[in-house]
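What follows is a single structure, and I will ask about it in a moment.
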Amino acid sequence: MMLAKIKEALAELYEEIPAAAETAAAEAVPEEAAAEQADAAIPEAPEEAGTEEEAEEPVAPPGPKETDYVATGYHLDTALPPEKIVAAVEILNREDFFLETITGVDWIDAQQLEVVYDFNHFDENCRVVLRSMLDRSKPEIPTISDIYQGANWHERETHDFFGIVFTGHPNLEPLLLPEDADFHPLLKDFKA
Amino acid sequence: MGTQDVQPPIIHFASLDKILSLGRANSLWPMTFGLACCAIEMMATGASRFDLARFGAEVFRPSPRQCDVMIVAGTISKKMEPAVKTLYDQMPEPKWVIAMGNCAISGGPFVFEGQYGIVEGADKFLPVDIYIPGCPPRPEALIEGILELEEKVTGFRRWPRVEAK
Amino acid sequence: MPEPFRVILFIIFVMAFAGLNAAYLVWCERKGAGHIQRRIGPKEVGPFGLLQPLADGIKLMTKQLFIPKGADPILFMVAPLMVMVPAIMSFCVIPFSETFVAREINIGLLMIFAFASVNVLGLLLGGWGSGNKYAVIAAARCVSQNVAYEIPMLITTITMVMVTNTMNLNEIVRAQAGWFFHWHFFRLDISLLMPVAFLIFFICSLAETNRAPFDMAEAESELIAGAYTEYPGMGFGVFFMGEYANIVIGCALSVILFLGGWQSPIPFNPAGFIGVLWGLFWFLLKLYALIFTVIWIRWTYPRTQFYELLNLSWKVLIPFSLFNLILTALQIKIFPWL
Amino acid sequence: MNGSLQQDLNQETFTLNLGPQHPATHGVLRVKLVMDGEYIVEAEPVLGYIHRMHEKMGENRTWVKFLPNCGRMDYLSALSYNHGYVAAVERAAGIEVPERAEYLRVITVELNRISSHLLWFGAFVLDLGGFTPLLYAFDDREQILDLLESVTGSRLTYCYFRFGGVYNDIDDAFITGTREFIKRLRKRMPMYHALVTKNIILIKRLKDIGPISKDMARRYGATGPVARGSGINFDVRRHEPYSVYPEFDFDVPVYEEGDSMARYMVRMDEIEQSMRIVEQALDKLPEGDIQPKKAVKLVKPPKGDYYQAVEAARGSFGVRLVSDGTNTAYRLKLRSPTYSNLSLFGEASRGMLLPDALALMGSLDLVIPEIDR
């Protein structure tokens, strides 16, 4: 099954993470711990997560997490640090997934911006969500538009609305907003 | 209004003027210019059941140079505003503007506090002659709008007015 | 009637005919389109919408005239005339009836083709002079289209000249006297490919007058309004009149060359004034039947692609018309008594 | 435009602005074209001329108050958008829908799909320079609008679905009217095929024009008829069944060629399939309520994020909800199919002639307000 296969492949990404931030990741996660499905406050990327924040709120385990499809509408929820996104997308690309959409969410209380990637598969019903938390003061994430050309517009749109910078994007100009727009209307603190 | 930029002629020939305005009123060529939902109803008005052609107003010209009336059918976004203005300026006099639908009248359902994208009504930057409310207006309403514009041009109403019961 | 007087009278008639014809062909077109499209068409302006062209005319004439920024003022103003004037001039040699012709000259056919090429120039200058990219594209299209289609058209015409031995349009009509099967269209004994030649000629005249499905120059969904894009008011109106006048010329030529001109389908030709009207009746009947076909085609077919259009000309029409030329020459040579 | 012409004449290529007001773009899309003669060197669509802030409004309005917006995004298949949004909220809030309501949803959505495809059919042939099919299509479309108007109350921008059901029940007149309409359209479809599909000019203009490979469709996330025209058997109704679609017997038309003709054929076949679905739904229509027994007063989905996709007329329409447990969405992302479908235009149109590119663009079935949202 595609779901199991892709879950395994994505899980491998997490094994590499501890190399960078071994302690934080290893301690934080009991593997496969059942977290409440689709917590709005998405877990932070392990290496960004400071120890004191971990103590404050329960953090869902890293690693691809199967969700209840009937309740949420997708199968696999994968929270990743920004630099791992490209690797994850390459895995999905190898398995012939297609990109449904990219969007952002502004978690202003946590001072974070979330980027959400929705993937789907043409042959099997297997929806994979990738998400990554970015620092709200300096939201940067590598582009995937060289892997999925369709991501080009989605990333531009996300940049329009949230000001998230996709590094390496060929043409990060306003798409839906006027050419000279310098505002990001979907930020929660946006005032017209 | 529509003819504001034209110098009034020095001499008036009453009956000639009347013929001219009759000619103009019966040959209102709209622009093929749809912005949003209302454009579909505008197309429906030109199509089989409603047939705007009966009043000689079905010649939708794609070039503004050959149009007499601009039907602003839909929401004008701030990005679109300069283009609409240019199109209006490119039309030769005499010209008229019909604001079709709530968006063109006032911004319609897209006005809310903190809105950043739309122009709240075509009359913010265009001299609108006829307003047709509705979201979108029915084709009958657009036809009534055209007749209303004819009345405005000629000064009298050729067709009976339908009163609300 | 003294000659100068006659000519002046005819010029007035021709101009009135061309103008009225254009106006009422537009009405026919709109009404016809309406009925083809399950609607009524113009109806409220005058009885049956008959005053619609008048209203349009008044409207267009009183529209503001201006020269867009970036346009070449002289070319821009002259171009519509270069479409309209040759078309009206061409009317002078068209025999509406045996004696109902402004000027019966020996090279009438040549004259029409000479003027027809000026018409292209008008569109080219109009497109170029507008200084609009869409118009320039349209002008370029228009020229290559006309160049491509003039060749098979002329070859077919040469075939017909060969058959009739004259370029006098009235003589060509006279050569088709008698029953309707004496019309060139049915004369398989002269050339087996005669109906094909007619088809080639008709297709070419559609293409020459930029009518659908060959309306490359005014491809609305591609080029806004093609070469006319920047023309306001009467500039556009004159173009339009020229276009319709050209349609009439094209169809009239088809009728004269292939469908017996003013000849009635039965060998019955009353003399005198009645005869003139009788000829006029048949000529106009055939003419408007063809024009209706043109309108019908327009509202039925989608537009061809540009390379298809050129392919059709270079790969189909020209070889066929050449073959037809040779075949006809052979047939005339082998059966000289025909 | 005029000044730049003089400059461009001295260069190999020139730029052409297609739109934002151009008959071929069906609205206010602008395409920046770099042309070499009539060949397109580079095409870049510029969006946003009708950006209407739907996503921002989703964050400002309560769940219920956002309902009318759905009909104004994709005004041609407004009910699909209704369905997508309503189903997403129902999934999030766990609202049950009575079976009859689901049937009514399917019937109206499929009728709406037919009307959308009919309009596309007309507008597409209009792009190719054929005027009359548009009027015929409108003639048929008006019948559907009459039917839908009798149920939903509006002609175009429907707001018919409610959380947990639909707003109005259908009557016998609707059922007989729909059956008659289907009978009528069944008779007309062969005429369309004879007049338009088999027209040699149309075939020449569509065959092998604007090929979109399977891989290109995947890389750009194309869905709907565009993907199905490229040999991808993907239909959300089948692939990820929602509502009562599993109960109907219908085919998903798939064409392998990937050219404009394939996309045309997919949509024409879909009209037939939609008619089949409507017929079956009318046959099987159960009795019962059209709203939950306990009326849905206040919708407050629990915290979390949810995704729901439906098959709109133009492809997979997805709604991503992020709820913070209040009566307003925290984030409402609307994934519109044409947005992805159009994004491949730049790559697909490279090296094409302008009229061919416009045929390609027409075959993508654009509704601009849905792209810009």
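Chains here go by letter, A, B, C and D, matching the order in which they are written, and residues are numbered from 1 within each.
The rule is short, and it goes like this: a contact is a pair of C-beta atoms (placed from the backbone, for glycine too) under 8 Å apart; a residue touches a chain by one contact, two chains touch by 3 or more.
Remember, predicted model here, so these are calculated numbers, not experimental data.
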By mean Cα position, the chain sitting nearest the middle: D
Selected pair, greater C-beta contact count between A-D and A-B: A-D
Approximate Å spacing (C-alpha centroids) for the pair subunit A, subunit B: 48
Euclidean distance of C-alpha centroids - subunit A vs subunit C, Å: 66
Whole-Å separation of chain centres (CA-atom averages), subunit A against subunit D: 28
Distance between chain centroids, defined by C-alpha means - subunit B, subunit C (Å): 36
Per-residue overlap in subunit A, given as positions that touch at least 2 other chains: 177-178, 185
In subunit D, residues with contacts to at least two other chains: 22-23, 48, 51, 53, 56, 135-136, 139, 372
Numbers and ranges of subunit C residues touching at least 2 other chains: 37-39, 68, 220, 224
Inter-chain touch pairs (all): A-B, A-D, B-C, B-D, C-D
Residues on subunit D engaged by subunit A in the complex (per definition of touch): 46-48, 51, 53, 55-56, 59, 88, 91, 94, 217-222, 227, 232-234, 239-240, 303-309, 316, 318, 320, 322-324, 330-331, 333, 335, 339-340, 343-344, 347, 372-373
For the subunit B and subunit D complex, residues of the former touching the latter: 31-37, 39-41, 43-44, 47-49, 62, 64, 74-75, 77, 79-80, 83, 87, 109-110, 112-118, 135-136, 138
Residues of subunit B touching subunit C in the complex: 6, 19-20, 22-27, 29, 47-49, 51, 53-56, 58-59, 61-63, 65-66, 68, 90, 92-94, 158-159
Residues of subunit C that touch subunit D when the two form their complex: 33, 36-39, 68-71, 131-134, 136-137, 141, 212-213, 215, 219-222, 224, 298-308
Subunit D residues within the subunit B interface of the complex: 20-23, 26-28, 48-53, 56-57, 60-61, 68-69, 72, 75-76, 119, 134-136, 138-139, 141-142, 145, 155-157, 368-369, 372
